[in-house]
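Pasting the structures in now, so scroll down.
You will see chain A twice below: alongside chain B first, and alongside chain C after that.
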Partner chain A sequence: MDGTIDVVFWIMSAGAIGAALLVVTVKDVFRAALALAGSFLAVAGIFFLLQAEFVAVAQILVYVGAISIIVAFAILLTRDMGQGNQTQSSRFLVVGGGVMAALFVLVAGFVAYDTAWSDRDAALNDNTIAVLNGQYEEVTDASGDIILIASTDTDVAMNGVFSDSTGWLGGLLVRDYVLALQVLGVLLLASIIGSIALVREQATK
Partner chain B sequence: MNLENVLLVSAIIFAIGLYGAMTRRNAIILLMSIELMFNAVNIAAVGFSRYTVPTALAGDPVSVTTDMVQSALSGHIFALFIIAAAAAEVALGLALVIAIYRQRETADVSELDTLRG
Partner chain C sequence: MPDPFDSILYQYVYCTLSSTDDVACVGSGLFGGGLLPGGLEWLAYVLTAVTIVAVLINAILGGVLMMIWGERRLLGRFQGRTGPNRWGPFGLLTPIADAVKTMFKEDVMPTVSDRLVFTAAPILMLFPALLIYAVLPFGAGTWLADINVALLFIIAIGGANVLAIVAAALGSGNRYAMFSAMRSVAMLISYEIPLVISLIGVLMLSGSLSLVAIVNAQTLPFFIVQPLGFFVFLVASMAELNRTPFDVAEAESEIVAGYMTDYSSMKFGLFFLSEFAATIATSGVITAVFLGGWHGFDPIPSQIWFIGKMVAVLAVIVWIRASWPRLRIDQIMNFAWKALFELTLINLVVSGILLLIWPSPSTTELWYMAGINWVVFLASIYIFGKVLGPKHDPVKAGNIQPDVTLSDSDAPALPTGGGD
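Here is the complex of A and B:
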């Protein structure tokens, strides 16, 4: 089972990385946009493997569904700029950018493999693991607070934080992060109005 | 599949986006490269959320409360907000590209040097 997940993970990663490479190397802008959509889709697959179903679905809806389409529209609206008169990026930039990207991967990879990350399954006690997996009962303790304790009956509550992250995320978004959510709504509205104002044809010149 | 490998994939995709943002001259491809970098950050955030524990839950907590369980999902929340902010950014960015293209007949960022001294 673990082996299968590993194989799927590496296939998804190879897809995401390969498509990303296509985006930055291919000449035709429209093909780059298609490769970008493919890369987003592969990343959504990685999210599924990381037990983040809600984020994965949001990724497919927003990135693959919406952003790829606006990018395609923008390309169509600026299509006739022609591939010919585009200035080639200079050799200096290509070499410099390549070296910089390689150095970044080296440094980040070193940090990732050298740091002793806390291992979730080792750091948690059995009670906490059971609660995170959804096998818990709500109990009111002496001071009146609701605490969650592991239940031996697996049918008690199956809404674990990772087995059913959507419900928990919904609770978080409307409680702890409600201000950020509202501000984000205003940001989206402002950006939509700004976009319309920018591209609107002027009636009178 | 562990945290290290997830972070490595994230770093590689981020570096590719960085390379694209450095070398490409087309404004639309520039925006696409920035989207790639956003995506890489999201992978790292969700990976951390999946594989590490919040300090509140580590060790032997006497009792587990709802708040503590929720803190395990911070990475997902970050990823969701980044997705929404990226959507706003790309909508505005592409509108800018189209507006500039109408005036200047180019989407090549190296030709947009009006402000150069």
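Here is the complex of A and C:
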């Protein structure tokens, strides 16, 4: 079904890029917010296609379900409804946008050049999956370096990361990176309390 | 990724269409198809998807019509009247008349509005409601997709309808619609939190986010093992659905029809349709997660069991609608943050401790867990009722000024004990 996957991938990519272009070209700010949500959805579709279901659903939950709604709510609370749709444009936007686009292309190009890309066959290599799963042994090779090789129990290893990325991510979060998770929680709590303290109504009595 | 041929829905249609020597159909025992010549398996694949989606969407539409009829009849019974009984046996054809009337009404477009957003809002509203059905397991081997994050997917998609409500409010540019959108965004965001946390107890018991795996894990239905989780999930999902004790977003006595005020004809019909479709989908989720899904005893097929349980949940939802008056927005927010949120945390801690004692519980151990959980459930509901009862209503105690000051004679009497 590789051909089908390619077709779906191109549809999703075209949707994501087209919606993203709409976000920056449409004058009406709420239409732009809707296009942004559409772009996020298309990216979630690409994640589904890559069998990263958890990332896909987290993308919908966080970006479509939370960020887009906060954007929409901000528009709802700030726009003067009597005036109808308000539009903004400035010739400095073109200059600023051009500079930003050039910088982004620079960064993305560097990342694309610098990343060691692997194809699907390499990613499905027994050794790769085994190491990703923790099913590996450390062996010292002839030159004295420590290398990782797949443990003998490759049946367990093969059924690992690609069939259940959710469980794998969950295990990482609450075992290996539990401290980082807790610190993030404390940081979020502090920022929430800080924002409440900033916007709290002063007692007028 | 699970093989789509796990589902008998795919097997049956695909193997009837494609040529008989297709590898995927060998194990299924469904030979004798071959309507398409060899080499056209991709066409069979596409046709299968189109067929099943068409069947499912029509089943949803039929289910919505049946539910409108059932709800009106049941409400009639609860209120001591007959309900619709004129057209067809027991008034069964009434919803069809309603649908035809809705479709042929004039489609009024208000002048102060963003036409595109105004038109997109009802479509955006229907879209998440229909997507939930993609992951519901309707019976043993009967589902569209068994993705391993199904429950998270339902929560994520279910939260997206807030965007549609805001779009409807902004598109129609109506102040009633704006009030409605602000109320419903505040309410939906608040109830999302207990809704998600109440499911974690079930996830810990089943060890999976896939609805099929959750149903298979229920040797004992989870509403017996997780009474607190079940209660909170039922209440929070009724709030998410804007159903009656929580329908401040479309409170007709205060803000006309809320975000639907400016909509007419089939655009209004789509809002109506998506509301009912979401209610049926939620009852399906409750059935799969808490009521044992398709499990039942033998002569009756599993699909009938699932639909029967769904109908029972829907009846309870209508019963709640008939029994409770609409709550004020401050009561709703208090209930979410001061009662449901803490109850889910209690449930989470107790379930975690019980799973430490019995790490992979057998059916007997599930019964022990159920006993302890029921004691915790009843005790915590009693304590929370005492602490947050009507005596502690912040408006009556004078701590909060209501927006509009009503004298006691103006306000409709709230029943004592309920409500708060």
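Going forward, the second predicted complex is superposed on the first by the 121 of 205 C-alpha atoms of A that agree within 3 Å, B and C clash if a C-alpha of one lies under 4 Å from a C-alpha of the other, contacts with A are read in each partner's own complex, and residues count from 1 in each chain.
Convention: a residue touches a chain if its C-beta (ideal position, glycine included) is under 8 Å from a C-beta of that chain, and two chains touch if they have at least 3 such contacts.
Given the structure is predicted, the values throughout are model-derived calculations rather than measurements.
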Chain B versus chain C as contact partner of A:D28, first or second or both or neither: second
First (chain B), second (chain C), both or neither touched by A:Y177: first
Chain B versus chain C as contact partner of A:A37, first or second or both or neither: second
Which of chain B and chain C A:Q51 touches, first, second, both or neither: both
Partner chain(s) touched by A:I69 [first = chain B, second = chain C, both, neither]: second
Partner chain in contact with A:G194 - chain B first, chain C second, else both or neither: first
Chain A residues touched by each partner, larger count belonging to chain B or chain C: B
Overlap of chain C and chain B interfaces on chain A (superposed complexes): 51, 54, 58, 66, 73, 75, 77, 81
List of chain A residues in touch with chain C within their complex: 3-4, 28, 30-31, 34, 37, 51, 53-54, 56-58, 60-61, 64-66, 68-69, 72-73, 75-77, 79, 81, 84-85, 163-164, 166
Of all residues in chain B, those that touch chain A in their complex: 1, 3-20, 22-26, 28-29, 31-33, 35-36, 39, 42-43, 46-47, 49-53, 57-61, 63-66, 69-70, 72-73, 76-77, 79-81, 83-92, 94-99, 101, 105-108, 110-111
Interface residues, chain A side, partner chain B - complex: 2, 5-6, 9, 13, 16-17, 20-21, 23-24, 29, 32-33, 36, 39-40, 43, 46-47, 49-52, 54-55, 58-59, 62-63, 66-67, 70-71, 73-75, 77-78, 81, 86-89, 93-94, 96-98, 100-102, 104-105, 108-109, 112-113, 117-120, 123-125, 127-128, 131-132, 136, 141, 145-149, 161-162, 165, 168-169, 171-173, 176-177, 180, 184, 187-188, 190-192, 194-196, 198-199
Interfacial residue positions of chain C with respect to chain A in the complex: 1, 42, 45, 112, 114, 116-117, 120, 124, 147-149, 152-153, 155-157, 159-160, 162-163, 166-167, 169-170, 173, 175, 178, 181-182, 185, 189, 209
